[in-house]
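Consider the two complexes below, in which subunit A is the common component and subunit B and subunit C are the respective partners.
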Partner chain A sequence: MSSRKKTLLKVIILGDSGVGKTSLMQQFVNNKFSHQYKATIGADFLTKEIIIDNNKPVTLQIWDTAGQERFQSLGVAFYRGADCCVLCFDVTNEKSLNNLTSWKDEFLVQSNVSNPQDFPFIIIGNKIDVDDSKKIPSLQKKLHNITHNQLGGLNYPVFETSAKDSINVEAAFEVIAKMALQQEELNAASGGDVNDDYNDAINIHLDGESSGCGC
Partner chain B sequence: MSSARKRSLSWDEVELLFVKSKVYLHPTPSKRDNISGFLSLSRPANSSNLDIILAFTPENQLSSEDRKVYEQVDVEDIQLDLESLSLQHSQPSKKRVDSSRIVKKPSASVLSSYSFSSVLSYVYSIQFRIPSHGYWYGSIVVNTQDGDKLPIMFFHDDESPSTIKSNKLHNQRFDPFGNEGEIYWGGVDFRKALEKVVNIQRSTIEPSVYLINPQSTDLRNFAPFKTKQTQQPQPQQPEIELPFKLPDVSKFIATAKWKVLETVATFGAKTRNQVLDIIEDNAPKPLKEIMRQPEVQQIGNDFESARIYLAKWAQQVKEEAERSQSKYMLDYDLYSKINRELGSSEVLTDEEISCTSRRAEVSRQEWKSFFDFSGRLCITADEVKGRIFHGGLAPDVRPEAWLFLLGVYPWDSSSEEREALQNSYESSYQEYKLKWVNDDDKRSTEFWKDQKFRIEKDINRTDRNLDIFKNPRKKSRSSGESSGKSRESSPETPDEEDFDDEFDISNIRNPHLYIMREILLTYNEYNENLGYVQGMTDLLSPLYVTFQDETLTFWAFVKFMDRMERNFVRDQSGMKKQMNTLNKLLQFMLPDLYKHLELCQSNDLFFYFRMLLVWFKRELEWDQMLRLWEIFWTDYYSSQFHLFFALAILSDNERIIIAHLKQFDEVLKYMNDLSMKLKLDPLLIRSELLFLKFKRMLDIIDRDNSLKKLKSDPYAGESSSAAVAAAAAVNNDGVIVVGDELRELLKHEIIIQKEVERPEGVGGG
Partner chain C sequence: MGKKKQEMAQVYNGTSNEFIFGEQGGKGKNLSSFLKNLSLTGSSTLSHSSSARDSVEETNSQIYGSLGYANSTSSLNSSGNLFNPKRPTNTQRTVSVGSGLPHTSTGLGSGFPERMTPVSGGSGGKISPYSSHKQSQPRRSRSMSRYTDLDDDWDADLQEVSSPKKELTKLDTEESSRTSLNAQTSPMLDSLYPDLMLPSGNGVSAASKPPKESLDFEDMQTKMEINKLNLLNSKYAKFRKVLTSDNNINLQDLRKLAWNGIPNELRAVSWLLLLGYLPTNKSRQSSTLKRKRQEYLEGLDSVTIEFHDDPPDNESTTSLSNANRDKMLYHQIKIDVKRTNPTLKLYSYTATQMSLRKILYLWAVRHPASGYVQGINDLCTPFYQIFLNNYIWQLQRKQQLLQRQHKSNNSSTGSLPEDDDMDLYIPGYLASEEEDDPEELKLLQDPQLPQYTLDNFDTSWLSPRITAIIEADTYWCLSRLLENITDNYIHEQPGIIRQVNELRNLISKIDHELIKHFDSEGVEFIQFSFRWMNCLLMRELPIQLIIRMWDTYLSETPLGFNTFHTYVCAAFLIKFSGDLKAKDFQEILLFLQNPPTSRWKEKDVELMLSEAFIWQSLYKNASAHLR
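Right after this comes the complex of A and B.
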């Protein structure tokens, strides 16, 4: 049906409750911010099409999740087929920074990705618009410590953003998109043996078939 | 009994004209609660036939002498003096009566007993429901002139001596069906006795209903195929403007009307079923509107997203079609429509279907009428619940009625007892609250601080669109009423000087939000294992807005959480269990849709998570959500009626989902985006029909199974139930085994699952 095959990139946003996951997604997709976003229950996603590497159109499917840990056990339902994972913290909340490691571990356990060693993660520290006096003291040092030691020593990209004032959000998602695309190509090259059910389902439908759906 | 002595009746005595023994009330589905008694017709002194009393008297309410008389009359042939019972009945009976038939006058409704009575002139109609599968016992429903329904009386024919005796006679005469070819059961005796004393007319529309002394207007209303246009206005008799005052009877009329309007209804069903064709043929306005939206333009040729929009678009067209239809279709046609679609008419009787109507909400006045002078309920709690289930409550009744529904006040308490209870609630709440207020050590622990942080964060973003939860404006702060007082009631009172950010979580300035925080912190003391979990603020806020009282809201929340705790336990087992039950229910009730969801890899039903966790709070407009909750709280059909409501939402969208959605994410998006678009009343009717259908299916399966066991022929029954999917397996004997999860759905008792003790070092997340 469609002549131009479009790439769908699946991005999961994780992080403690109240760090601004919903706000980041809304700011990026709809360019808006509200104080009234309710605590996310379950999961939802928004999609946005962007052009990366000058001429490559991709569709980002961004998944917003609940921040309370106990609800993550249901994550397995929507982690599958993820191409990139965004770990969020709140620059005014040290605990949310310290929890990044467990969010990453949880994701790897639940998503069952093929390449846990080099699966693309990115870190976002949100709420930089807040007064400096409220920010985590010596944040850079602590952040460096975490990215270089605890998270398996991998040097994930870090963005400091303000979803409220729309600072750095666009830039972060551009990098997210690029990393996700790499992962997607990697999966495609390896024959889609990982998460094959899911990817097959997508491919079938991209070809415009409706096989097997007794309708 | 010709030899019996005769005497006159005193004022508190009656002559028994007819008695049927072993007539039961079934106040709850449990057999243990059945109430056995006598149905009687009796005549007081100096009275006409219209004064004859129809009464139900529980066996245990009778003196042993009177009981003997009742039992005697039950088995005697009824020998009424037909002369004195002429249908003109203007002559009061002055005759002396057979003393062996004299008993104490049946009491009118006595508090907390189950007796009731009504004079025949006050009875409007009686429905005779013959024994059938599903209802093993025949029963009668008495409708009064006021439109009330007396409790349903069931005839336990297998226990009643008179019925057993008559049955034997019928069998000896090889005439099991009686003269008119109808099945003999206890109700027939009653009807025949009635026929002798008053004029009864069988309804031409609903043959099971008999009108008692019908007036000409009543008869006209019962004439078949009578539409409003042909009714003549009768200015002299304004009261006949209310011919539809009896909810049940009017539904029978509705059924007839439905037959007349069949073309319209068919058109309606057709519209709905062919909604997809209509889209293609007519390219309706909603499509153009959607296409103008930027998200749609953005899609380009992105195939998957387009499908979601296509589905949503179909949904809008469906709504549009339903809206335009509703201009022509009366309310009850909606039932027929939903009902046809569900195919429930195959398994449900018209009467059952007609009962699923939505009624007017319970007004302040009606609510008050449920109570006597001492503030004690004078009808049964089940009746109140049934009423609330079908109508909901007016907003000004909620602050009082919710306390009963939630179990803060017992249904059988008096106003005095409730007052005492409220005082003890007050002091007990303060005790719990002081546990954290007075404990500086506790408040300095990491766990406690974390809990407070979570609570504040969520309180600050719960229902802030409601006026009550908006922040007071800085300048009008001086006029703030109670805020000053309550803010100083406990430590941890936030600093008031900081106005940098009105949504700063450390700065709750709205007094109502502040009280909700106090309640949740105190709930943590009350239920130490659970702690605060996201979603609990969503459950608390409607309670708070309704009561606007810290103590009452706290205890109402405690009771609500009793049933909701399983949604929040650490290992999520309570949620998983409900999803699993819903999965089984879906397979059982909507197998086609289930198969499709399986292909979409959506049979984990993850899209239900939010709906179940906070009881559709995020899916419905505020007022509708309040209505839904009070309906759930009645536990009228099932303590898990929310699962039938969830099923109804899917059922309502079945066709669109099957036609358009192919993947997990598409299904999730579609279901998530139904939020704030759900229409409560049609969904409630649908849920109720689904429940009744479900119950009937279980009944039929159980009956088939018992037959199969009798025959013990393994190949006997590859019958109607073959379609039943994996939720109910068929064993070797051909007996269908229905899982416990599904059987549990028939229970009224709430399911309580408590959180286990929090292991050392585990946070509250």
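Right after this comes the complex of A and C.
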């Protein structure tokens, strides 16, 4: 990737089924909202070129993944080489909020990023256009609890968006792009984004077959 | 190794195509040894040894050269298309057909493989029964004028004239007894008006044709339209014969016919038979269906979830634990049903959505190893659609009968005249006299009924009785279908992973250039073809075309949703090979995510199916060696 002139940033969008991942991406990339999106199968791919910071053009390659648990084993194929991961939940669905931690863990296990401790994550709570009565009660408190206690105490940026009314979507992706760019530069500096030895060490699926000692 | 070489030599030296397409139908020893060797060579290409690849190319060109595939681009790999070239050995007896099908032209049954067997050499050998069934494509006309042959059997041999004729007369009478379609067409029309055939008829039989009058375009169009109807009629008649001629329906015959597409009216009953849900023995059909439908209803009763139209959506706020898996499952199904075929009106009705929810939910709880997986919602829609369509068709027929009875009325008995096509109906759809079905009566009195189609029929008009029947039939057919691809939906989806790998292997044999391009761009097959497998291409093609594809899938043994589908995916990908080779990573993925298929017609799908068929015949036993 680093051999190309244009900077490519790979972004992964994760979250429970139906929280609006596809809608967010469509709103960001094509500036449109539709009620007619089908459930994503596997992962969808979209790109957008934007300019960030000091007039730096970057291309975001966004993978919009399927929310259903059954597809999680696919992660290995899609998460590799990611520069930023977006964790989405639905502000009217508490379960989707509670699942953020497991989405993050799943991503780290499958993506083999070289810096799991400070890999850039960002949290998006979607559907803020919905009536307040339907929203998760005392959302801020619960959200704070999750980001500070469960997600490793790191201050991940949080955005509350509406893909439907196009609120905060642009802003969120701008931050995503900046964070991704930092990560990309970090990877480029450390000579490639994937370390092969490290890969093997945590790929749990190889355990049964490898004859040598994994340690 | 020495032995292998010998075998290879055997293949390479063959100057006629008999080695591959000989009397053994491509299943002979020579073919298999050839495939073995080919696959051995093919596997070494994975190591990117250029010399190995060269040898594959060489091999291919030799082999296809010997087949008569005199490909102008010299390498199969570079064109990725088996079908451009002519096959000289066959053309001499092949009346040209299918103008507008540049890919297929001649040879191999105009792109409709007759399962290889009947493709005889140039000597004009016997035509197997297959060939007389295979070209029932309404769009394809024959340029035949020497004899009257109702089935569109353009390359039937003249020696065989007598036998089709016998069958013909039979078909004629049957056909004229049909009431719905044939008002304005004569079954003999195509022989009376040979000019109606597509103007491409300049093959061997052209000489014997009467000189063509110059027809203006409109005239031509009308006549082609008539001709199309005529062919449809003959197709219907053939199915009718298989479905009604015996108390025990011959599945083999049905498969042969259905491979090339099933007429709309007979699709539902044919699918039920092909799936093994409806017994071939007619005396058992009604009772079996009754029992199965009852079983479905009992299954629903045993389920604890309440299928509310709009249940309070508060599980998210109340159930913090995973205690209620059923609720989560239902929630998932609910949100997916809502976004199933969102552009089709039929799926926006609450009644439709309720039916789909029930079907999917019951299937999921009955199959805990896989449970509900996104994409299965897509797979049940073709069934739902064709059963609903069949009900509408039966209603329309019954209304016609009632009207006729009303007109010719007053004479003697008040009983309904018998419907000629009565035994083509799926039993139980129309309410019997004992059954009380006010909704159905209302529909039968609706003057708009003849205009109803899937596009404008509101499923809330259906009675609970028929709703349950359609649901039950859909449920059981979906179950049958999924039985064949269980591996696709269990943990880690090994079936899909295997198919994706097989697809890659296939493409590496068929279109090595494409693989090289994908590799250099970093495109992985899982990135685009996962969905092709998970949803059986339903996201890539319009549903009417999917339904046509399933005619063929259901006629394959074993059912084509597994192995054959992989070959179809290969054919699908290769359709775009030229485009793809000019694109970079991003463009490739964006293109494949939204392939330009919105204007595809049945003939595009049929071409793809026949390509898949040929590749399956060539490579099926070879792929094992690659692992």
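Keep this in mind: the second predicted complex is superposed on the first by the 188 of 215 C-alpha atoms of A that agree within 3 Å, B and C clash if a C-alpha of one lies under 4 Å from a C-alpha of the other, contacts with A are read in each partner's own complex, and residues count from 1 in each chain.
The definition used in the following text is that a residue touches a chain if its C-beta (ideal position, glycine included) is under 8 Å from a C-beta of that chain, and two chains touch if they have at least 3 such contacts.
Since this is a predicted model, take the numbers as computed values, not measurements.
Contacts of A:Lys95 after superposition on the shared chain: both subunit B and subunit C are touched. With both structures placed on the common chain, the touch criterion links A:Pro137 to subunit C but leaves subunit B unconnected.
When the two structures are aligned on the shared chain, A:Glu49 is found in touch with subunit B, with no touch to subunit C.
In the superposition on chain A, A:Lys6 contacts subunit B only, with no contact to subunit C. Contact with both subunit B and subunit C is seen for A:Phe78 once the two complexes are overlaid on the shared chain. Between subunit B and subunit C, B contacts the larger number of subunit A residues.
By the touch criterion stated above, A:Phe33 is placed in contact with neither subunit B nor subunit C. Touched by subunit B in one complex and by subunit C in the other are residues 17-18, 35-39, 41-45, 47, 59, 61, 66, 68, 70-71, 73-74, 77-78, 95 of subunit A. Residues of subunit B touching subunit A in their complex: 298-305, 450, 454, 457-458, 461-462, 464-465, 500, 502-503, 505, 533-535, 537-538, 568, 570-572, 575, 595-596, 599-601, 604, 606-607, 609-610, 613-614, 618, 658-659, 662-665, 668-669, 672, 763, 765. Those residues of subunit C that touch subunit A in the complex are listed here as 315-317, 319-320, 328, 332, 335-336, 339-343, 371, 373-375, 377-378, 489, 491-493, 524, 526-527, 530-531, 534-535, 539, 586, 589-590, 593.
On the subunit A side of its complex with subunit C, the touching residues are 17-18, 35-47, 59, 61, 66, 68, 70-71, 73-74, 77-78, 92-96, 98, 136-137.
Taken together, the subunit A residues at the contact with subunit B in this complex read 1-4, 6, 8, 17-18, 35-39, 41-45, 47-49, 59, 61, 66-71, 73-74, 77-78, 95, 131, 197-198, 201-202, 205-206, 208, 210, 212-215.
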